[in-house]
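In this document, chain identifiers A, B, C, D, E and F correspond to the written order of the chains, with residue numbering beginning at 1 in each.
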Amino acid sequence: MHPRTDTLIDLALEEDAGLGDITSQAIFSSDHVSTAQILAREDLVVFGLEVARRVFLRVDPSVTVCLLADDGENVNKGNAVLRAEGSTVSLLTAERTALNFLQRLSGIASLSRRFAEAARQSGHGVRVVDTRKTTPGWRALEKAAVRSGGCFNHRSSLGEHVLIKENHIAAAGSLSEAVKRARAFAPHCAKIEVEVESLQEVRQAVESGAEIIMLDNMSPAQIHQAVALIDQAAIVEISGGVRLETFADYALPGVDVISVGALTHSAPAVDLSMTLATELEN
Amino acid sequence: MHPRTDTLIDLALEEDAGLGDITSQAIFSSDHVSTAQILAREDLVVFGLEVARRVFLRVDPSVTVCLLADDGENVNKGNAVLRAEGSTVSLLTAERTALNFLQRLSGIASLSRRFAEAARQSGHGVRVVDTRKTTPGWRALEKAAVRSGGCFNHRSSLGEHVLIKENHIAAAGSLSEAVKRARAFAPHCAKIEVEVESLQEVRQAVESGAEIIMLDNMSPAQIHQAVALIDQAAIVEISGGVRLETFADYALPGVDVISVGALTHSAPAVDLSMTLATELEN
Amino acid sequence: MHPRTDTLIDLALEEDAGLGDITSQAIFSSDHVSTAQILAREDLVVFGLEVARRVFLRVDPSVTVCLLADDGENVNKGNAVLRAEGSTVSLLTAERTALNFLQRLSGIASLSRRFAEAARQSGHGVRVVDTRKTTPGWRALEKAAVRSGGCFNHRSSLGEHVLIKENHIAAAGSLSEAVKRARAFAPHCAKIEVEVESLQEVRQAVESGAEIIMLDNMSPAQIHQAVALIDQAAIVEISGGVRLETFADYALPGVDVISVGALTHSAPAVDLSMTLATELEN
Amino acid sequence: MHPRTDTLIDLALEEDAGLGDITSQAIFSSDHVSTAQILAREDLVVFGLEVARRVFLRVDPSVTVCLLADDGENVNKGNAVLRAEGSTVSLLTAERTALNFLQRLSGIASLSRRFAEAARQSGHGVRVVDTRKTTPGWRALEKAAVRSGGCFNHRSSLGEHVLIKENHIAAAGSLSEAVKRARAFAPHCAKIEVEVESLQEVRQAVESGAEIIMLDNMSPAQIHQAVALIDQAAIVEISGGVRLETFADYALPGVDVISVGALTHSAPAVDLSMTLATELEN
Amino acid sequence: MHPRTDTLIDLALEEDAGLGDITSQAIFSSDHVSTAQILAREDLVVFGLEVARRVFLRVDPSVTVCLLADDGENVNKGNAVLRAEGSTVSLLTAERTALNFLQRLSGIASLSRRFAEAARQSGHGVRVVDTRKTTPGWRALEKAAVRSGGCFNHRSSLGEHVLIKENHIAAAGSLSEAVKRARAFAPHCAKIEVEVESLQEVRQAVESGAEIIMLDNMSPAQIHQAVALIDQAAIVEISGGVRLETFADYALPGVDVISVGALTHSAPAVDLSMTLATELEN
Amino acid sequence: MHPRTDTLIDLALEEDAGLGDITSQAIFSSDHVSTAQILAREDLVVFGLEVARRVFLRVDPSVTVCLLADDGENVNKGNAVLRAEGSTVSLLTAERTALNFLQRLSGIASLSRRFAEAARQSGHGVRVVDTRKTTPGWRALEKAAVRSGGCFNHRSSLGEHVLIKENHIAAAGSLSEAVKRARAFAPHCAKIEVEVESLQEVRQAVESGAEIIMLDNMSPAQIHQAVALIDQAAIVEISGGVRLETFADYALPGVDVISVGALTHSAPAVDLSMTLATELEN
């Protein structure tokens, strides 16, 4: 799990602090030490604390980092999530990079928690899942943030799961032919999912033996009919523009999974800041 | 500009398509060709087209890519921004990665355009600038997206510009001492900026000869007073929670710069999709 | 698909030719040109030609490379699979690296072809699949070589498919509890596979609803019984020491998949060499 | 020695465990700990233990690793070579990558030991050496494995030793001219080796002052004659298809070195596995 | 600061010691330990000790490194600057790479100290600054070495400071138009510097409001006139072929900054060597 | 040869132009084109033209680059060595990085040419060779620059050639024992070199059969005696502080090789600059 994360940390430190922090170097002596705390400035679900710890240690292995919360934990405004002690220049050099990881990942976790709560309230055991609409380079981190918020992951790449869409169906000549070709080619451990846009395609998908049927941009009424047609012969997945406000309309009985791209592509950053308790130099 | 971008493209392709696209490989023959178009599904300012082009070419150098818009251009819903022709499997393999770059960068450009428009309407020549609250690894790309939307950049790293904050002042003993140390240490080409939180500090900053004074989280009334105190002796920068809705309250006469972290950390992704015109195989 | 392969090519060229080819540089002038051919020195299934092409072009973009066979094609001893024209020093600098890729990948493809043929002869539609016992850094390439030989892939990583083994069962307390936990955690698109070692476990796996049951190191007689118990309620996978010589004993009716680690970890290299048609210098 | 190895480890972990181990994460709590042992499942010469240790530590620096054998040591079937204690999820995440390094490198060491033993039995002090037919990216590791098995290394790259082959001779006009050019160009610390295919060339090589003469694909009878011609004026190296079964035929008096490509390109993996002693969770 | 430095260390170790140190491995057993000292063989200002420490630890984390001087300190011939204890093979493997960093960086620091001393003696408070004429890949390290010697840094990249040259002026049509365009485009935190070649351009630069005026290749007499014209309206920078011998001629009253490319591009390496106190093996 | 060079180019462009060239972007429109020429501003031997070409193409593949000289060629002051046509912003973005490579590498080539000339004038056929005192990351490039100037390379790494020094002799107990151990361990293609400091050691080195004897820091008189003792039984190498001014004193009859660290570690940069012929914008 670390190699990709370490690459991102190095890219981030290089772009922010490759030349050092000239303000802090001008003002603090190199042996001046402080204690920093990262605080939530709004209620949030925190995620990325282990990454933040690595940021501080990458800048300066002699910094001591103590995590004050667990990834995935609800944190109230004003509470601290991380404490770091060591060279003041090192702490200030790491500050923005650590916060930039935390604010994005905690933003995803916090939004995921709200969707997970909505799913819980729907009472039908529906799962909210993410999509592949992630920040390039960040997929594993963002998918972990989604899980920490209580949602689930969809497939992680084009390489281990089959998802047949309109173009594939057209090229194969029919939905059933597309499923047949996929089953003949794909690993036996890959499930076959088909994206459908009409009730007729729902029927064909059931007949083809697809393990998952994705109802793309259907209205609640259409979903109701599709669920009846599928009748538990496949996992039912809803996709397309479901928002928190409209969630209850889509989380109908018989719907197993609702995918929400916004979990990763449009979660607003949450507000965290770092405070420094520093001694005056004599 | 390219080395860092190429690293991100490679990270993204590796995580999404490192094992290929098993669905498309199952269904399309390797010599099946198509024409893909990337369309705006809402009104937006597009940015990232050159990056998207590199994504397609990295997947398959034999794909032909034609950009149908310029980075920074307003694009209406339904219009195409990029056309790519070549192997169908290659086009589908590149699709999500290209879109993931475009949706984030165009989201930033689109939000920046709205702030730039608000600045224009304020009539005072104020600049809206970004911050260092960028996605780790993406700073140069995101700052370019901000510019393409009509806003401006603040400093890009801790290494070439001085920004003195509360902790630096406390450690130096006084604001003027902090400025003095910074000027003695920093390159002569670096401007000295001081973040202030009270009118008393504004006065000290002016006296210290700071070239930029950042009014942190001040109310419009306080800003009004600060501007008067500074009286054009320094560039006046406003920072802290300025939103589109409240923008006019802060874009007061005498304010030169307003920094908005949300430009990069919370711009929602815009909606783009790829369509494929593909021939049926015989 | 390219980023990882390009990394391997660069590592290989760096270790073999980072300092150039001092023998060839001593003897050939830099504008001396030749035509090289890569020949099969035994009957083989070739794989890696696109990689070999990239090796030549990475050493010298002005070399012209023409592939004389398709990846996955049977090639008889003595036949050429690639022709390259250009600077003699460039061709000789690339030679060993290109051959090192081809001999390993074609070795895997050739062994896979023999297993695929054995599967075909068994008459039961059984699939031979690879494992995760691949060369570190080479997984995608080796899995593609397996497919090109006519076998199939098993899961590619620990991250997108569930495989429950003895330790997981022990930790969960029971096989059915392990399956239950996995289904509750894993993406809905992941199949659940269970590795079993006794007929009792086979029964439990069927009852748990596992989609794939792996019979680990069972004798043909045990397999026969297990197949009957499973009765098409799950995909039946055989694992453990199946060799070409004993293949027919295991490819019993009702067996869907046989996994063979040797496809990737012990395929002997095939013999290929490069010849050079070079003009005498005047 | 570490930078290249660390690159391979990161590539391997990324491809196997970039997304984590979803099975183990589903079933084990994150604070569940175990003790893992890596066992030889056949008699073998172990190599790669230091690499395996780095794999575990890269996954999780808090794992404790204890090596139970030395690289290059003979290990009997059933004996443990490495013990690791720590988070169960971490141990299972590292398992396959660690084994994939060990099985290949120990396979090379084990085959090298058999050739070294054959050389010892020949009684003539002949060395068995490897070639540049190594796995791209793995050269330093594979050459170390060869040494650990008791064989020796040939040149490691095209850049520090001269090896004149048929094409070079043809281009230079004569063997002696080729040697002359090489000596004029190459570092004074590089030995000049010539590959010869006939007794006439052997004579020319001796006259040219070549320090090493490689007899390419000669029969034992030809080798006998060549050795007499050379008469200790150069190191005598035999190359071309020498196998363990035919080794004694080639290890004739006067032969100094026999190169065997199969040491690195076709050594079958040896069988190692990891067992886990894990406590039941309460 | 570390990621880029670590990349250089890895490149260096790979090229020098990727295959190990065959001489030391031949002669020392792997558990033979020694104490190494790095000594100044001439009077010098040392810089790079932290880098050297990382080199030893990268080769072998079990080596103990003790720094005997601070970066930037004057060290007399014969004095030790670093002591390392541990495996003899590790110490000898790291030796040349550690020295190669130290000799270059200390060379830069030593030359910078001489220029800083010359500046001090001029009595006018002039700063000597570096340029962007640095070794590709080494900019941050070389700029830190310059500072450690007592000189200052000029801008670090093309991206955060404006420097208008002849071509820009020609393209814009006039100096004032070039300044105007730059001010409209560049971040508000960037100073505007203009390179001028005549007194007429000096006047234009002052009128344009440039914050820094670089007098390019002017004679002391011209500089004298330019200083008078500028009259403290801008920072005065001298550029072009100033050497230690001619320094006093240029460090005239009113000159604020003198830039010297030779600080980084032509500082001769200083002489350091490593000695080893090693026990005889029994 | 390219992978390592490309890494350096990317590091250099990232540090100089990762954020673009804000001055040129402010002033030139993106479609403004120019013709750039790189000129020698002193007499020099040029080296690095192929690298410079890659720099321009890496910044912008649409730039056309024409080399006007060959690497290794003498170029008179005022002559152009490279012409590039394309986007003005691209040319200016690449300028400093291209020059930074050329000025260092041509500096090495130019100094090497002077030593090569001194060697030629000595009339004894002595070779001047480099050392491993190279810039970390740059070894292959710097060694190529040395060759282009007419000097030769010594060993390139610790891994393919044996060089026995004082510590090795002490550890082995005697010089002959050290040679014996090295010969038993090292590849048969590695020559054995011994560094000696006295005539007694010279005698021992000859007796041990060392192929190269390095006379370390000996006076011309001692060298004269050593040459007589060695009497062509080994290659004679002189090392230690030989400068151009004292070269003739050391290039005595019987001396084969003189190694000069300054070739790579202290060659001053030569002076090159880029001029731009650019059209005025309308």
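The rule we apply is simple: a residue touches a chain if its C-beta (ideal position, glycine included) is under 8 Å from a C-beta of that chain, and two chains touch if they have at least 3 such contacts.
Since the structure is predicted, the reported quantities are computational estimates derived from the model, not experimental observations.
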Quiz item: Among all the other chains, which ones are in touch with both subunit A and subunit F?
Solution: B, C, D, E
Quiz prompt | Interface numbering overlap (same over half, different under half) for subunit E and subunit F | solution = same
Quiz item: Quick one: how far do you have to rotate subunit C to sit on subunit D, C-alpha fit, nearest 5 degrees?
Solution: 180
Practice problem: For the pairs D-E and B-E, output the one whose chains share more C-beta pairs in contact. | Solution: B-E
Quiz item: Taking each chain's centre as the mean of its CA atoms, how far is subunit C from subunit F in angstrom?
Solution: 43
Quiz item: Cα centroid separation between subunit A and subunit B, in whole Å?
Solution: 21
Quiz item: Residues of subunit D that touch two or more other chains: which are they?
Solution: 4, 14-15, 17-20, 93, 140, 156-157, 159-161, 187, 190
Quiz item: Across the complex, what residues on subunit A touch subunit D?
Solution: 1-4, 140, 143-144, 156
Quiz item: Mind pulling up the subunit E residues that touch subunit F in the complex?
Solution: 4, 7-9, 11-12, 15-28, 32, 34, 88, 92-93, 96-97, 99-101, 103-104, 107, 132-140, 156-165, 167-168, 170-173, 178, 181-182, 184-187, 190, 261-262, 265-266, 268-269, 276, 278, 280-281
Exercise. Within their complex, state which residues of subunit D touch subunit A.
Key: 10, 13-14, 17-20, 58-59, 93
Quiz item: Inside the complex, what are the residues of subunit D that reach subunit F?
Solution: 127, 129, 152-157, 159-161, 187-191, 193, 212, 235, 237, 256-257
